[in-house]
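Worksheet for the structure shown next.
By written order: A, B, C and D. Residues from 1 in each chain.
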Amino acid sequence: MTPDNDALPAWHAWLEGGAGDEVTLRDNEAAWQDLRLRPRVLHSLAGSQLRTTLGDRALPHPLFMAPMAHQAALHPQGESASALAAAALGAGYVLSCQASTPLEDIARLVLADSGRGPLWFQLHWLGSRNATLALIQRAAAAGFEAAVLTLDAPVQGFRDRERASGFVLPAGVSSVNLTDRPVPTSLSALLAQAPTWHDLAWLTQHSPLPVWAKGILHPGDAVLAAEHGASGLIVSNHGARQLDTVLATAQALPDIVAANAGRLPLVVDGGVRRGTDVLKALALGADAVMLGRPLARALATDGAQGVARALRQLVDELHIALALCGLTQPGQARSAHLAGDLFAPKSAAAFVNAKNSRLE
Amino acid sequence: MTPDNDALPAWHAWLEGGAGDEVTLRDNEAAWQDLRLRPRVLHSLAGSQLRTTLGDRALPHPLFMAPMAHQAALHPQGESASALAAAALGAGYVLSCQASTPLEDIARLVLADSGRGPLWFQLHWLGSRNATLALIQRAAAAGFEAAVLTLDAPVQGFRDRERASGFVLPAGVSSVNLTDRPVPTSLSALLAQAPTWHDLAWLTQHSPLPVWAKGILHPGDAVLAAEHGASGLIVSNHGARQLDTVLATAQALPDIVAANAGRLPLVVDGGVRRGTDVLKALALGADAVMLGRPLARALATDGAQGVARALRQLVDELHIALALCGLTQPGQARSAHLAGDLFAPKSAAAFVNAKNSRLE
Amino acid sequence: MTPDNDALPAWHAWLEGGAGDEVTLRDNEAAWQDLRLRPRVLHSLAGSQLRTTLGDRALPHPLFMAPMAHQAALHPQGESASALAAAALGAGYVLSCQASTPLEDIARLVLADSGRGPLWFQLHWLGSRNATLALIQRAAAAGFEAAVLTLDAPVQGFRDRERASGFVLPAGVSSVNLTDRPVPTSLSALLAQAPTWHDLAWLTQHSPLPVWAKGILHPGDAVLAAEHGASGLIVSNHGARQLDTVLATAQALPDIVAANAGRLPLVVDGGVRRGTDVLKALALGADAVMLGRPLARALATDGAQGVARALRQLVDELHIALALCGLTQPGQARSAHLAGDLFAPKSAAAFVNAKNSRLE
Amino acid sequence: MTPDNDALPAWHAWLEGGAGDEVTLRDNEAAWQDLRLRPRVLHSLAGSQLRTTLGDRALPHPLFMAPMAHQAALHPQGESASALAAAALGAGYVLSCQASTPLEDIARLVLADSGRGPLWFQLHWLGSRNATLALIQRAAAAGFEAAVLTLDAPVQGFRDRERASGFVLPAGVSSVNLTDRPVPTSLSALLAQAPTWHDLAWLTQHSPLPVWAKGILHPGDAVLAAEHGASGLIVSNHGARQLDTVLATAQALPDIVAANAGRLPLVVDGGVRRGTDVLKALALGADAVMLGRPLARALATDGAQGVARALRQLVDELHIALALCGLTQPGQARSAHLAGDLFAPKSAAAFVNAKNSRLE
């Protein structure tokens, strides 16, 4: 069952690999699969459909394509192909700031599709408040609806599989939306430059776009994000590429939902592979989900058509899973549709205190 | 241990495959196996026998052959062979409405055997109340004792293994007891046509046969089935062929037994493979069990003789398992014969409330 | 890791196989291995030794060779070899009534060794009180110290591996200590002949030897055995050869120790493979342990020398395990030397009630 | 995944093997890996560094190389190479009394490095108080900072893999710091000579160096060690080489931390393989960690360079793991950075009583 990694191209290790021994990489998928559904029968299924909302944004269905860097390394059309397919299938699309395509080009492609889902722009902290804000302003000008700030990567984790493969970006693939900037060479200097909650507060006050906080795994940080002006939460562990043995996102979700207490809209990312996984995420309190590797694999295999086919299958699986649980809309999923012991969520009050346990 | 699926005929994937990643397919068997028996010694075994009752029906023993479609795709004699063997061994027999043999022919074969178990007829909702009732009336006229209405398949689940195999029914195999009817082509239209609890109530009021509700996994639905006129419950997840990662039936059983509180007779289906599994089902509160794939495999291999041999082995295993637990009749099995943590059943009251949590 | 069973002789399947799917066969070993020891340091180890007592019998150490039938099928010297080795190493020896050697010959061999452990005689119920008593009287006359009555085999379980192997006893190997008797051919007739608690009471009143009850897995039966005159308990599941998926003996032990409350001496049998397993059995409240297959394998490989070597290794392992836990005698082992969740024993009172739950 | 042991040199079995069936050997690694981290985001990382303290000793970072015998069997430069690398990387170094290099030579090498971590000397009980004290005095004279007394090996455990390999020390490799002394040939005599808590008290009163107690797995022994004068605790199971199925050190740690209640500084050893493991050990209350086999492997492969590279990787992994959990110093790690069920520590009071449960 284990592929012979030596026979695979280096980009395979780059795409599929995770941090360290890849414990969390496996956990991310297993944690969804380990949840058990308890279907209902004979509830009326008239009017069944997948439309839902995320905050005040209506969605054709609750699926997003997660931001992934350098998609031109997977397919010649890169982000153009994936964005086109996502729009055509009504999925939300998050463009990575490390895309190989100008963000304005992607915006033009997507905005032309009236059935599209949300168009968002992901970015890392760019070393200073002004540089970070400037890129958000450019994305806003191009028509993006929200900015997604990745919080869980002040430094890159050890990705053993990728390192062992010797992967380097192919010639001609680069982050065309970013300008070169000096990066500190020592780890301590790099960390000293990492953003703080104060920076997030400043950014959300000045940003022309709502700012989603991506990389939340701790309920205390969910509360802090709301208090510092974030417009939404993305529960994520960076596809298990940053720190091995962190919680799977399905495991982290219930506590965060409890701590958030409905204040911010919430998307979960990591390990979602089937329509039943999506249903479980909704049942645990997420408003929508993001998918990364499955769509990247489809892009590498068959470009826009591959991504569209993969999304189509997921949408159909979700629709059927809802129906077989007696539900006619995504928003009806509840933890009562799950069976067995969940990761018992603590009370929201406990997490409000938790946020003070380690504040700068 | 994994068979080389590519070398197997497509019907193998059709018979053996389940929904999605087949998590529940594996769980169905494992959940019985994971229960532990605690035998008793030196209790008198005089008068030991396997007779039991299901509601007011006396049974030679508590085994049924589950309804399975298109048995002519497995063996030339199809349902004739399996029905004959079941009758000869005293097992209950449930004819699928997708049988390849006229239901009257099967009734004649089975009713001729005085030692036979119950003869039941399974059907899906046929798009309208009258069409569904008409087929039950025909089965009643032929001598069937009960109708089994399958509730867990308003739409068919994704069966990945079967789809990948390219299986199609062999020429000459078709559902001879059903008349063609227009089937909606869109998923939403199909779902809008799905039956509701009101339809079940209507059907049970007009049916000449008692109607068993098949596909119950939620204790709230067990209570609703009783309130809407069902004559019995069949705890089943459709052989794990509908929605992957639903509860194994052995896991669902205790809560349903508690919610049912003895109101309706109860049969459990899914993953039963050994006499010890049957004993465990009885100990958890089922009155009888259904077996599907093990008997279908035996049919494919050796026709009526194969099915008879498989049933003989199961009956003997059950008899010995009872004796080694100090029991002389199936009806004496109690949860006290099981050891370790069960899936703690909640009180019946909790489930009476649960039935209201999502009602049309 | 799985041996190629087809390449192995049929006696291998007979010796190594268990009932059904061999779940309990695996569990028996795993349940000991899964218990965790918590060693102590710097406690004085002066005077360290392995002597202990079983009721009022002093033992050189707490190891017995379990009764196993037809040892001449494993090695030409059969029971003579294993009994000689057990006596030489100070281990208790239980001769099977299905031995291939006259019981008087074994008694002469063993009684000649002054350093020997206990010499016991195992028997099944022989169809009537008088026939059973007569064999015990013969064993008493030969010098055996106790009778072991096997309670868990009123009928033989399904041993799939053995059946598939086609094993038959080699020519010349037979139960020389038993006289032929008519055996019922129907299962019900066989079960009607099975002994009851009343028979045990009669036997213990008339037996010239103390009678140990072998095959106890339920705490209620432990209480009943004491009340019906048994002199000791042997917690056993017949080497997992009778009913698959019964509790492993290590799992059954704590409840039985609690229910027995010190009334009867207690030996545990099943899955013991290492000195640490012996220490765990003592820590959970057993007075001694029996080993079967490991010594039978040693007999098949190298006769008396093989058995002696295997026992020597076990004795040394036990001695070192005790020392590394800070103990100088077997009798000092307590559950405090184990870590983690045990199979929480219920109170003895609960089991006194349990014994009434299913009495003839 | 299993290496072909027959093709490996015997020293591989000696280095990699553990006691018995190697259950604890596997557990030691798995227990760290099974703990889950819960990262924090946007906490200021300015001033991030790895310095910490162990009692009143400042450490460049919390890593030690554990004592391991006969390193000349792994690499021609033996302990000289490993000590040099440890000093260069700021790691603590514990010289085994079974080193192949004179302890004074190692002291000279290490003490010359101003950035080094602590230099300690490990020894076994040498049969008498005076012999043991004399070796500590010699180590003190050479400049070692502490003595580490190994408590968990009054007799060597059964190391099945090593025994099966036929390993013997290569010619020229011997314990040059030890003088020959008569060793008892019987197990009982050997155990009678084992040290006791009284011996530890005497030694700590007379020793010119602080004495650390190595091999603590029981919280009661942690309390006793403090009361008998130990200066620190090393939670260890001897690399799983002494008694199989003892607790993994990660599992033993929380109870010991609770019982110790901050009285003595505490180091944990066993199964630590990644920076995340180090962080988890700190989060559970250890002040520092020791690594054995990973550094021995690096020594065998590439001498001092190999050890230095392995330590560099671990230090970097720890630094990044701290940062991704929002921490700027090792001392900030708390159990709040772990998720899920820990091995629930009991109250310290419970363990003060426990220490009396088996005292000489």
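Here is the rule we go by: a residue touches a chain if its C-beta (ideal position, glycine included) is under 8 Å from a C-beta of that chain, and two chains touch if they have at least 3 such contacts.
Since the model is a prediction, treat every value here as computed from it, not as a measurement.
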Required minimum of steps from chain A to chain C, each step between chains that touch
2
Would you identify the chain whose Cα-based centre sits farthest away from the centre of chain C?
A
Per the C-alpha fit, the turn needed to bring chain C onto chain D (nearest 5 degrees) is 90
Taking all residue numbers used at the chain A/chain D interface, answer same if over half belong to both copies and different if under half do.
different
In whole angstrom, what separates the CA-based centres of chain A and chain B?
41
Taking each chain's mean CA coordinate, chain B and chain D are separated, in whole Å, by 59
Expected list for chain D, residues touching two or more other chains, is none
Can you list the chain C residues touching chain B in their complex?
20-21, 23, 151-152, 154-155, 157-158, 187-188, 191-192, 194-197, 199-200, 213, 215-218, 220-221, 224, 228, 237, 242-247, 251-252, 343, 354, 357-360
Which positions of chain B touch chain C when the two form their complex?
33, 35-49, 274, 276, 280, 316-317, 319-321, 323-328, 332, 334, 336, 339-340
